[in-house]
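All chains are identified by letter, namely A, B and C, in their written order; residue positions are counted from 1 within each chain.
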């Protein structure tokens, strides 16, 4: 029984992390329609930023998080500004390849600057845990979960209640009409992409004390984030949240209840992805997918 | 239709000269021949699928499958180098067809993500089935069966010519228009009497088979495979960089691009040494070319040629 | 009367196809002007040029004395031009209230938002019950009210209405045009584009008939209704019978 509670706890905490990891991507995708293949690399940059501020100045990642998120948001916005004009006009295929290229550049810049050596951040709470009723409550993961929930809820509230947030949703739903309202669509694109990068950076900081940090760590998360976005439905923030928890529960279930499960858990995302594409490409909350395009 | 045209004869002559090249040149050249030919096979394969609007971000899947097919049939069934190539091709075609069927009519982003998922999923499977694939530790090929490098390189060159010939044939065939139609609007392609589903299966089967062929040949050179080598992201990257460099969607683009890409790889290795550099440059090239030179080297060349030709036409007009 | 909006010799199109062929339209302060024409005559294209969604290839657009073409699309609301687009174009997943709030996004109107919102609800009481509902779930008529209300939220000097009767049952057309008549009685200038001639002429003071992107006829509404040539042009240009009125460029069609 306690195993079951442990499972629920672990899956929930993972779900929170996945939600944080994906929600920015879903927003950027929904607003700009550009598929950000560099998403995983912004996460990686966040992790490195946390590492360096911890190693060099001794700042706890959680304190560094807001600053890192803002800096990476700015960096992401800068990258977007550079490519936006040509990228928006280019055919789909070119957009995909361009973002892939940017991902490569960032990854290998990291290799050149930081070397490929694995890094890690150990804070007092990275590994500590409390036990209660036969269930382990790992401090690090719980903190990550709480931070993730705060940020995601904050984003949703911002989108629903702030002027700019509503404008952003408007652009995602109908660009032309948004322009007619006086909304500067290009600025909103920039903001959406910046938020995407910022939240990715925050995710990176959050996992910096949970995983080892390498320049290529982003790729796995990228694929999972995309799997979640497709599962939840392209362009739907709620869908991304739901999808995050679905994947988290599926992965944790496999890890717990399937023999040799921990290794296979990595493959769950792909199985889920394939299943969605075969059964219901639009995902849980997405719009109808135009098949021939 | 006569097959004896200037182009065909030139092509055959080139093949006759180049295929045995490794046997009468230095090991360095042999190495280059192998790498350039392998990349050509891979990039022509990628370019073919891209032509039909199917952007693969997981071409390493096919390469890896070919690798494992070759090594496993060699080790378990004692197949020789040349014999093991056949299972590689077959599995590539099979998985390509399956991919086509699974993705149905989905294109663009959805298709791209499917290929990504496929390559990662296959990697995980390779890691998790050590009894078959040697798992994370990897697999060595049966040393007794290994041929010399020159034979491998020669075979690679020959395979590259064959692969090019196939893509040449497809470009010249009635399917040429089908490709363009598929890329833009799958509905329209039906006007050419093409069944989109069957066409997609065909394209991906051929593309998959080609890429697997590349993997199958290459594994004999290194003699070792593990899931990270087989399904290496770098393979996927190279598969795209070469066509974009040379000229995406064109026949000769991947060929030019392969030569230039390997050239860059050699240059960065000599000048910089560090591993991150060549990939960094590839990424940079990818971005710069997509943004400013989307039709690649060949496309740029064609544009200059047209300007030149137009100039001559003007002169002719004036003289009249 | 001073001109609020002046379109002079406007040429515009999409790619190689030319839609507007030297269009000349004027809307004076406080006027209600209708643009009539069959499908493809260039009515919506005109709206797009005025709002900045399309750049003309030649010609001038003057608004309140300023060269409108120098102002980017998203700043034209601030200048005082608001459009209720063809097909409504509401934000489907936002509530009615949010749609209206976004209508007053620009700084000039944002400060008076509460006041304007009350006015709009006065104009379209139907929307009060629906204020929290998703705009995408509204009926066609309600969406049209929302679109107009949203445009009014921008406190425009010039209100543009693109085919407000499109797809509406006759009873709803009455309701919508009653509201338009109410707006017309204020000092807001209105430019309305319509295929439904009767409805348009019920609120307008002056009208243009455009055919193939040019002004075919311009007259006060009372005269327009009786002009034979107008009736013919209207029906004629939509079918092959209108050969009398064929212009150059027809053969290219």
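Just a few scattered comments:
The working rule: contacts are C-beta pairs under 8 Å (C-beta built on N, C-alpha and C of every residue); 3 or more make two chains touch, one makes a residue touch a chain.
All values reported here derive from a predicted model rather than from experimental measurement.
Averaging the CA coordinates per chain and comparing them to the mean over all protein CA atoms picks out A as nearest. Set against the Cα centre of chain C, the chain with the most distant centre is B.
Separating the centre of chain A from that of chain B, both taken as means of CA atoms, is a distance of 32 Å. Put simply, the C-alpha centre of chain A and that of chain C have 43 angstrom between them. With each centre defined as the average position of its C-alpha atoms, the distance from chain B to chain C rounds to 55 Å.
Remark: chain C residues 51-53, 73-78, 82-83, 85, 89-94, 98, 101-103, 105-106, 110, 150, 154 touch chain A in the complex. Contact residues of chain A toward chain B in the complex are 35, 83, 86-87, 90, 92-94, 96-98, 100-105, 107-109, 111-112, 116, 215-216, 219-220, 223, 226-227, 230, 260, 263-264, 266-267, 269-271, 273-274, 277-278, 281, 289, 291-293.
Against chain A, the residues of chain B that register as touching in their complex are 50, 53, 55, 57, 102-110, 112-114, 116-118, 120-121, 124-125, 127-128, 185-187, 233, 237, 240, 244, 274-277, 279-280, 282-287, 290-292, 294. Those residues of chain A whose C-beta lies close enough to touch chain C in the complex are 163, 166-167, 169-170, 173-174, 176-185.
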